[in-house]
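One chain, chain A, links the two complexes that follow: it is found with chain B in the first and with chain C in the second.
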Partner chain A sequence: MISKISISRFNVYQVGSLVIALAFIAGVILMVGGSPLAVVTSMGAGAFGTTDQFARVVATLAPLLLCASGLLFTFTAGLYNLGIEGQIVLGGIAAMIPIRLFQEILPAPLVIAMAITAGALGGMLWGLLAGILKVYGRIDEIFAGVGLNFMADGLALYLIFGPWKKPGVASMSGTEQFSEAIWLPTFGKTEASPVALVIALSLLLLTFIVLRGTYFGLKLKAVGHSLRASYILGIPALSQLLSAFALCGAFAGIAGSLQVLAVFHRLIPSISSNLGYLALLIAMLSGSQAWLLLPIAFFFSALNIGSLQLPLSLDLESSLSGVIQGTLVLFALLGRGFSELNKSDLNKTVNH
Partner chain B sequence: MDTSQIISILSVAIATSTPLVFATLGETITERAGVINLSAEGTILLSAMVGFAVAKTTEGLGTVPSLLLGFGAAALTGAAIALIVAFGALTLMQSQVSIGFVLTLLGADLSSFLGNPFVRIPGPTVPSFKVPVLQDIPVFGPLLFQSDLLVYISFLLILLTWLFFYCTRPGLMLRAIGEQPAAAFVRGTNVVFMRYFYTLLGGALVGIAGAAFSLDFKAGWSHRHTAGYGWIALAIVIFGGWNPLRVALSCYLFGILQSLASVAQSTIPNVPTQVITVAPFVMMILFLVLTSSEWLEKLLKLLPPRIGWAIAQSIHSKPPAALGRVFQQD
Partner chain C sequence: MPQTRSFFRRCWRMVALFIATWWIVAGCSSPSVNTPTSETSPGASPLAGSDLTVGMVMVGPKNDAGWNQAHFEGIQEAIKQLPGTKLEYVDKVNPADRPNVTGAQVADDLIAKGAKLIIFNSDDFKDDALAAAKKHNDVPVLHVSGDYAWKEGKNFKGQPNLTNVMGKMQYGEMIGGCAAALSTETGKIGFLGALINDETRRYASSAYLGARHCWETYRKKPASDLQFKVTWIGFWFNIPGKTLDPTKVADDYFNGGYDVVMSGIDTPEAAVQAKKAAEAGKSAKYVHIDFKGGCNLAPDSCLGVRYYHWNVPYTTTLQNLKDGKPLESFTWLGPDWKDINSTATSMIGFLPGKALGDNQKNIDAFVKSLGDGSIDLFKGPLNYQDGSEFLKAGEKATDQKIWYMPQLLKGMEGPSA
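And then the complex of A and B:
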């Protein structure tokens, strides 16, 4: 009975926060003289209007799912892995190494497999660095992560303008495209790659299983819940924290390698395109529930692609997608706070 | 390179660090009260846009009134974002980091979305003003007193914040609610209310930092114009050990790194510009890593004890004990 009451209260606050969030978004659109209704239609058409556009939604979904799945490990361990952007970049850089070395020597499927593995290792290395700074260097993982993001950007820029520069003139458009044989196969002539999607979905499933049903997942939860308590219980907390960083980094690194192999076919300066930060929002909104990642990531991906249409159709900035995503997550967090606050008030009155 | 060149490089470094001084002092005040406002990156971007937009649309009133309105609007923007952080963290007891991070992204995207009409257009800027008499002091005159009012206000702010922290009773209470909130509460301080107050005050200063970029040092606004500065401000607060003087000096250190980077650009042409622009950010973070880790302490143990201890004292810093912790009054 009591649990029923608290569930319905929870829903009231969730629905309430959603309504306020939507009102806020509508207000922002009205402020620049736009029409919220026209925005909805335009974004819907932008995301689902043609096969090409829908394929781009699916193409963006894969890296988002990978990063959000990885982030569930760090969130479960009580860590804010803001370094995920840099981990994606390192994945992209590392994937380029076997491609540059072997693209003309080895068979394409082997090179692709090596590139994805290298990406995972590169991301893992960057994730572990943040973890080592946190565990042994006493640097908050937030700042270690942001710092490593700057370094990863610097490294990518250095490679693009230095050793890996395009024959002729180096530019912000990135390195030279590699041979078409190494491109990941896509559905028809679209950007969506079945390989990327399969990898993302299977790693999502793996995340779900590991966090739900393994001893490792349980230990991570214990560490995330209370570092001290888990230490007393004899769980090697430090190695749990490091493995969470390593796993998340590897997932992000795979996402980076897929961006290189399937989308850009070269290294570009902003290979992560803010997808890591967006994945942080997705993981937050899911409340660390793995099964919720897929629908949320799909919706956010549709917002991203749908908004690209806005400058052309309605003369509005495409950053509206970010405004919508941020507002939804902000009000969801506040709504969660309200429901918890009132639940504890309820408990108090019951107790007295 | 002669003395006058060095002085001119340093004076530019000091002047261009001004927005960071406002932002870091604001964040220092907030964090000293025990609250982390992680939204600095988004706050600076949004308030830079709002400050410029307000000053631009009220340009008809004259330069000074429009600038005042611009800075006021930017401060209000910063305080409004800080209010969300404070409400979520102090009243709803949600994670300060989560809310701050969401606001970082939201602020950045809102600034791009709402600020589109104001991209790369000329607008009012803070006029330069050389302080009479003081500007003629050798070395210090050209170094400190030949820029504009905003820069002088930032000098005053550093001094006032330091005096407030260490020489006044309210300053003592501010430090108490960040270190020992329970003790401060027992002594009759309304901890939650004071934390609200200092979070808003700090947020307003971070907002002013945004306007300092768009109405002074970057003279205008464009998409993601101040990207990176919010994060660097948060790092500088740690690097400066939550002490206003050291925090301000760290800002100048960052300014000098940036000046050196632009000098390096002309002297070593084979390193690409894009790499040099990120270099100061990377170096600042590396400094932070070096100084806050245990590794440096181990290194210092190898030095003669007295020297090692002196260095350790000057770089050692500890966060406020209750930083980021929830405090329940009842």
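And then the complex of A and C:
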């Protein structure tokens, strides 16, 4: 009986939160002088209206999936890895090293493989740094992550304006574009790369398997539930935490290398394109369920790409898309929180 | 755990429901509220059709009181003059304002909306313009300020549908520099520079040449008494955390004894800070750039504005396309010396500001001399900043030498690269 009541309330809160979110979004759109229906229509058309646009959704899906998959490891371990943006940036920077050194010397596929590996290592290093600050420096991972994001940005800027600058140019528009031979192959003339997609889907599958079906995943969950209890029970909690950071960083680093190899073909200061923050929303919304990442990331990727139509078709700011994304996540999380609060209240009442 | 699992099942159902609803709504509604109107015939050839949709990709906001607003108003003026043309545009196409969006992607979307000509308005888009031209080789792509289509240039790419257009703003800079030199009381001129490249080195150097000439000719003072300092912020406008803050740079100039600041960026920080400094009792004046209405920002502090009439090349381009004529691959337009402020014919203009006062007569004389060729400031002897030779005595600079200046000129302060 109690269970039925809980489920019913749970549903009410979830549906209610979605309705409130949609109403809120509609209100914001109306306030800025737009039509909610036109916004939905335009964004849909902007994401799926042409082959190029759909390909862009797929192209953005790859780094989003990679980052969100990585974040599941840290979320499962009870960590909020806000440093993911910096880990993407470091991945992008690291990917540039073999490209700059070997693009004229080695075969392109080898350089690409080296760039992706270097990206993973760079991201992993930056992730581990956040982990070390957390574990040994007792600095909260949120503050450490944000600080490291600034450092990564600063390092990218230094390289772009310093040792890696275009000859005779000092501009934050980025380094010189590298040879087309090093660009990741794409579907036709679009921007979607099958290589990037295969990497992202493979690592998503790996994440699903590791978290659901391995001893490592189980230990990570134990650490996430209670660091102290897991330590007492003999789980090497600290190494689990560091592993989670390293894995997340490596995944984000690969995403950074794909941003370099498949999208921008050079290093730019904002190489992460805020995809790390977007992946945080996706991972939160998924509730740490790996199988949910693909549809949610696809939906958010479509929102992200479709948002270009807001200024183009409706003369609205494309940042409105960020409001939509954020609102959906916030209200979904609030709905979940309230429903669980309500359940625990009910349980308390029954126990009394 | 089972409850958590059932929660996520429901959550997924709701998301799926939302996506489905979106699809249904999108499917039932018109594809876009701003699709090309019947003015544009979908099958019309861009070279011979009577209707033409122009797609413009702008690096900054269309109302920045600078570079982007000048382009926006220029293309609007051209559209107004040519019936059957219409504009689709996206502004603020830069990594800070639109992360995860490239200029080439915007071009794809504009072409999908029916654009038969794509204009990229910034040097920053040179690779995007080339990529868009390669991808859509049936659509003319006009890249402003680039040189990929300049056969005599260093970076010619040979992409047939890619063209370049630029204004000879070096003349505007010379006039602006002259106005600054005529008005400075401290003999210290600050140049608020954007990023460093061939274009900006050319402009800062031209401003210095104009300033030095007028300092010596009209003020009768030795060039060694003139300080001309360039500070680059790193991009065309402020991007917090990524560039130097132009507000702070302008303030530093005014607080450091530089009583005239020449703006070399897209946005109006020099004007705003000059006004504030003047209100605080300092001697502070500015020379605006790009946008004709720049003196309206702080009329009492404005010495003048050197600006572009983008409607001039845009009107010609659109008219040629409508007439089915081929486009010039590279156009570098100067002022119409008969009337540099002619909206119809002069690509480069200079509007004097209120703060110029009596110095207007010297500016008029200077402009006249530039126009009749009696003054050529790009004539040797001129040396680069490191002392190496730019032009031998009596040598006149070619267009290539002016376009590709590897350094600032001797006598200027600030980094060259």
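Assorted remarks:
Convention: the second predicted complex is superposed on the first by the 338 of 352 C-alpha atoms of A that agree within 3 Å, B and C clash if a C-alpha of one lies under 4 Å from a C-alpha of the other, contacts with A are read in each partner's own complex, and residues count from 1 in each chain.
By definition in this document, a residue touches a chain if its C-beta (ideal position, glycine included) is under 8 Å from a C-beta of that chain, and two chains touch if they have at least 3 such contacts.
What you see is a predicted model; the values in this text were computed from it and never measured.
When both complexes are overlaid on chain A, the residue A:M172 reaches chain B and chain C alike.
In the superposed model, A:G213 makes contact with neither chain B nor chain C. By the touch criterion stated above, A:P269 is placed in contact with chain B and with chain C alike.
Using the contact criterion defined above for the overlaid structures, shared-chain residue A:R336 touches chain B and also reaches chain C. By the touch criterion defined above, A:Q289 lies against chain C but remains apart from chain B after alignment on the C-alpha atoms of chain A. Chain A is touched at more residues by one of its partners, and among chain B and chain C that partner is C. Shared-chain residue A:P236: touches no atom of chain B or chain C.
Contacts of A:Y158 after superposition: chain B is touched, whereas chain C is not reached. In the superposed model, A:G147 makes contact with chain B only, not with chain C. Taken together, the two complexes place residues 153, 157, 161, 170, 172, 269, 336 of chain A in contact with chain B and also with chain C. Within the complex, the chain C residues that touch chain A are 3-4, 6-8, 10-12, 14-16, 18-19, 22-23, 25-26, 29-35, 88-92, 95-96, 98-102, 105-106, 108-110, 112-113, 124, 127, 135, 195-198, 232, 234-235, 239, 241-243, 406, 415, 417. Chain A meets chain B in the complex at residues 28, 31-32, 80, 82, 133, 136-140, 142-144, 146-147, 150-151, 153-154, 157-158, 161-162, 170, 172, 269, 277, 280-281, 284, 316-317, 319-323, 325-327, 329-330, 333-334, 336-338, 340-341. Interface residues of chain A, counted against chain C in their complex, comprise 6-7, 10-11, 14-15, 18, 35, 37-38, 40-42, 44-46, 48-50, 52-53, 56, 60, 153, 157, 161, 165, 168-173, 177, 189, 191, 263-265, 268-270, 272-275, 285-287, 289, 292, 295-296, 299, 304, 308-309, 311-314, 318, 332, 336, 339, 343. Interface residues of chain B facing chain A in the complex, by the touch rule stated above, are 38, 84, 87-88, 91-95, 97-99, 101-103, 105-106, 108-110, 112-114, 116, 223, 228, 231, 234-235, 238, 271-272, 274-275, 278-279, 281-282, 285-286, 288-289, 292-295.
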